[in-house]
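Chain naming follows the written order as A, B, C and D, and within any one chain the residues start at number 1.
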Amino acid sequence: MTLAIGVDIGGTKIAAGLVSDSGTILESVAEPTPDDATKIPAIVADLVERLSGDERPVGVGIGAAGFVGEDRATVRFAPNIDWREEPLGADVQALIDLPVVVENDANAAAWGEFRFGAGEDTEDLLLITIGTGIGGGIVHHGQLFRGGFGVAAEIGHMRVVPDGILCGCGQRGCYEQYGSGRALVRDARERVVNGDPAAAAIAALGDGGDLSRITGPAVTKLAQEGDPLSVELLTDLGRWIGEGAAALATILDPRVIAIGGGVAAAGDLILGHVVAAFETHLPARAHRPEAAVRLAALGNEAGIIGAADLARVEPA
Amino acid sequence: MTLAIGVDIGGTKIAAGLVSDSGTILESVAEPTPDDATKIPAIVADLVERLSGDERPVGVGIGAAGFVGEDRATVRFAPNIDWREEPLGADVQALIDLPVVVENDANAAAWGEFRFGAGEDTEDLLLITIGTGIGGGIVHHGQLFRGGFGVAAEIGHMRVVPDGILCGCGQRGCYEQYGSGRALVRDARERVVNGDPAAAAIAALGDGGDLSRITGPAVTKLAQEGDPLSVELLTDLGRWIGEGAAALATILDPRVIAIGGGVAAAGDLILGHVVAAFETHLPARAHRPEAAVRLAALGNEAGIIGAADLARVEPA
Amino acid sequence: MTLAIGVDIGGTKIAAGLVSDSGTILESVAEPTPDDATKIPAIVADLVERLSGDERPVGVGIGAAGFVGEDRATVRFAPNIDWREEPLGADVQALIDLPVVVENDANAAAWGEFRFGAGEDTEDLLLITIGTGIGGGIVHHGQLFRGGFGVAAEIGHMRVVPDGILCGCGQRGCYEQYGSGRALVRDARERVVNGDPAAAAIAALGDGGDLSRITGPAVTKLAQEGDPLSVELLTDLGRWIGEGAAALATILDPRVIAIGGGVAAAGDLILGHVVAAFETHLPARAHRPEAAVRLAALGNEAGIIGAADLARVEPA
Amino acid sequence: MTLAIGVDIGGTKIAAGLVSDSGTILESVAEPTPDDATKIPAIVADLVERLSGDERPVGVGIGAAGFVGEDRATVRFAPNIDWREEPLGADVQALIDLPVVVENDANAAAWGEFRFGAGEDTEDLLLITIGTGIGGGIVHHGQLFRGGFGVAAEIGHMRVVPDGILCGCGQRGCYEQYGSGRALVRDARERVVNGDPAAAAIAALGDGGDLSRITGPAVTKLAQEGDPLSVELLTDLGRWIGEGAAALATILDPRVIAIGGGVAAAGDLILGHVVAAFETHLPARAHRPEAAVRLAALGNEAGIIGAADLARVEPA
């Protein structure tokens, strides 16, 4: 058994794990993401140190939420961390004596699902991660699809509605404005603010006017309990996710589409609507094989597992 | 010098060429596409025979307008030819003694542009072919991106308008309903039928009520002569093409986007609008490298050149 | 009791009725609409003659499917009958000795519902007639809203989707392309043509490939029997109708919105979805009174009843 | 000559004028709108007092930005002033001895344009006021169209884009999110924030990063000086205004559509695009008379003039 370390640098938490060559996390540690981004390499090095026991890992894979350059070391830009053309790989490398490779976090997660999760039975996987936003990763013929500049698979910003809802990326009508957890929460809150009588159960979540208590998990729980508006909101969300997946399949032709991220927790409440919308909107459907649409298997650990595996099989 | 033969099977014409290893067509022949699709292999074999002179070609590459299976031999479905799970490669192979490989025609064209045309300086090319419809081909890290089932890059059917114009594929709002030659012609005719006074010059094309004389090239010519409505229609067309290209770049991250097909003949009248719309709609534009958008270089011969080259460098 | 005659000239049938001053049809007759539109005045005169018994009616009101001029006599244009600036009122008047007044058929139906049907309890009614297309009529403060040129309330052609589905009127994205019986049938047939497995019950309607047997009433019947896809299609239809109604209410502020036409036959299967979508999409909903949305009451006879009443209370 | 007083209560200013029966403002006064809405009646009474000289006015008309009840005295709701079911008419009436009538401000402006401005030659006018948002007023057959609850003509909140940009009213895709001054400013700032090189001239307005200096008038001035992006933004704005006007004309069938508000100051830079888009998008255009689209004539004083005239010709 060879070991490798995977690190997942997010906007709130830096998590790391010691991962076996069958994709099992043997040990995991985490620290909060510091406000001062210059402290991140030292924190990563410390987490790596804490995970390094008797058996020496073969390398460290770092998944970062941002545009990672084709050198697999530089973070060009991160939306939630103050990085611009940041030499993250070199900075961490200076502090540890294991080989380091940096990858976009959604790509790392896709790789993890491909190797040990929902894509184990295929060479051609599209992972759609539905969290606050939408992330994505593509595996084509067994290889990660990184794009010409390393910034492929930014699927959350594919435009799905011309002149649509404004997105944080500066454009309008992005997929993640319709198919993400943020969209679910925004829609639920709008119903409350507009005084929709059907929103009584949702409004009760935030009684005293505290809209911040109307969250994705809370609405999902209401739906599981049968609240009709919550069911409707999840149905709409599933429809948008599936329609976007159909557009992506038209371009990318994966054999498996895995749906991951927090929304996946809604499970059967949402997956059926995703599949139905996907199938209904796939062009020339009667004349082509169809991708299997299924839930992702590795949950939030996909990024750590995938990053560790990339350090093993694709060192920089 | 090694030679190879490229064949392009379209809905109206089967064209073939003897191609050098620098992408030059040394000799070319063609026949009409027969109504009876079972006759096609014999015609292809005959064209190959006519092109085979003293020096033996290394193989035959066939580009076909349809879904080509991952075996690179079977045509699963063709919109304009009566093929369903057609063993085209085997049928041609039975008639000739050169190795045969079948590829989707738009993929073959993208390969041709990558090797000898607008993508010669990159490893990551997206070709958008604007003809009656929209076709596309993707080269990623120097390899053709075929997808899990062999039917990737059907970019003309990416949905760009929810609940939009009905497409021949059975879906609504497909890219090719807005950004193709068919869209240009439909819009021009609509203006005439609706009695738009600004459409006088376009209406004059079809005087006597013959709308069939209002064609893409005719409208383009009017635009070149300064007809304001024709200029506006080409501007709109360029805008749609560019906005779709931005969505594709968000997913595929090419280094070069080449615009090919008949509409490319409008050249500067349209390219500037494509580029402007592309740049305006690229998400997080300030933080990422941008693809170069340019006209394709090989014209209608890209498919023959690319198919021949695939027979040479990627035999089945 | 005074009597009046109402005539409804449609694309397939000319129906007439002798109507009491409480809106009851005492006697009714009909003839097919002739291909030769010049024969229509004589047919109308004949129907009037057949309805004229011992008690002399006070006048004849004619509802016609088309643009009726502000003179309430001329049909400017009819989509399904060969009329352009047709002096229909004068032509009928030349044949009978009762006063004649011409009205748009949807306006006449709205008047009928206002006087004796779903709008009896209000002075401010919007009638939305969902048939093959969508028609509409507006009563404001107890008076018919005809518009400056007599062609108001063409609500079926309000644009609801930019760059949307092409309409017979020459524009795209018209309300009636999404919220009418034609839309229901088109969507149902598309599912069958696309080979959607969920469409098995609908496909069975047209077995042997006869799509013409997939009709609005047939799909409605399937929905009543519980076929999931038929239920979904009616839900979508109701949603579009309700969303359009919200846009109309924003402009017109009626106290009652009545939903008439053939689709109304789906009754509770559709009305609840119309109401829900209407309420959800009404701007500033918490701060304004809301129109009551209900089914129309007079069915297909609304036009005859309304036209007759207009001849009584608003002679030309 | 009879005199009347018109008052226009806006979010920042309360303006009043002494108006002749030919629509001339003989004297005008104004005060800032107080934060405490309970002080407004006293301010209105004071302004009325200051305008009352030797000749006694026949009444006071008050235009207020909000939903005005059908009693023409109560403000049901105002977006920018803290009023809910406010008895504004009665409160002012208690302080002065002239008859008082309250009207929605956009309705009052439409009435002013109808009587003395751009609608003087018609009985059927639609006024579209393009300011920060979009307001509207309808005159039909010489009478103000108030709707069943008094809240008609909220045209700025007609939905024009499904799933579109979120509006302050709680809905998405409202007309005023695309065709107002706010839309122009938002689009201009977005281009700057996205780092669009074409936005250099606009960015220079807010140099030092002060986006608040990028205003509608500033962009209009740049367009007048020939800045290509500013011209493009005004062209897009005009297109949206005209396309919305076509939808409104389909429903309301006015003979004249007047474009008022601050954006009208752009004059010919924008009107031509409004007219072109209106004509292109009018359904069945060849078969119906078309409304004349023109600039409003009375500027910001339309509301005062109209309110005063309503006090004269339609006292409560």
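The working rule: contacts are C-beta pairs under 8 Å (C-beta built on N, C-alpha and C of every residue); 3 or more make two chains touch, one makes a residue touch a chain.
Because the structure is a prediction, the values reported are computed rather than measured.
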Legend entry - If a chain touches chain C and chain D alike, it appears here: A, B
Inset, instruction - Specify the chain most distant from chain C by Cα centroid. - result: A
Legend entry - For chain B paired with chain C, centre-to-centre distance based on mean C-alpha positions, whole Å: 46
Inset, instruction - Compute the distance, rounded to whole Å, between the mean C-alpha positions of chain A and chain B. - result: 34
Inset, instruction - Would you please write down the residue numbers of chain B that are in contact with two or more other chains? - result: 161-163, 170-171, 194, 285
Legend entry - Residue numbers on chain C that touch chain D, as the complex places them: 67, 76-77, 79, 84, 122-124, 136, 140-141, 145-155, 157-162, 167, 169-171, 174, 243, 246-248, 250-256, 281-285, 287-289, 291
Legend entry - Contact set on chain D toward chain B in their complex: 162-163, 191, 194-196, 198, 276, 279-280, 285-286
Inset, instruction - Within their complex, state which residues of chain D touch chain A. - result: 161-166, 170, 172, 178, 190, 193-194
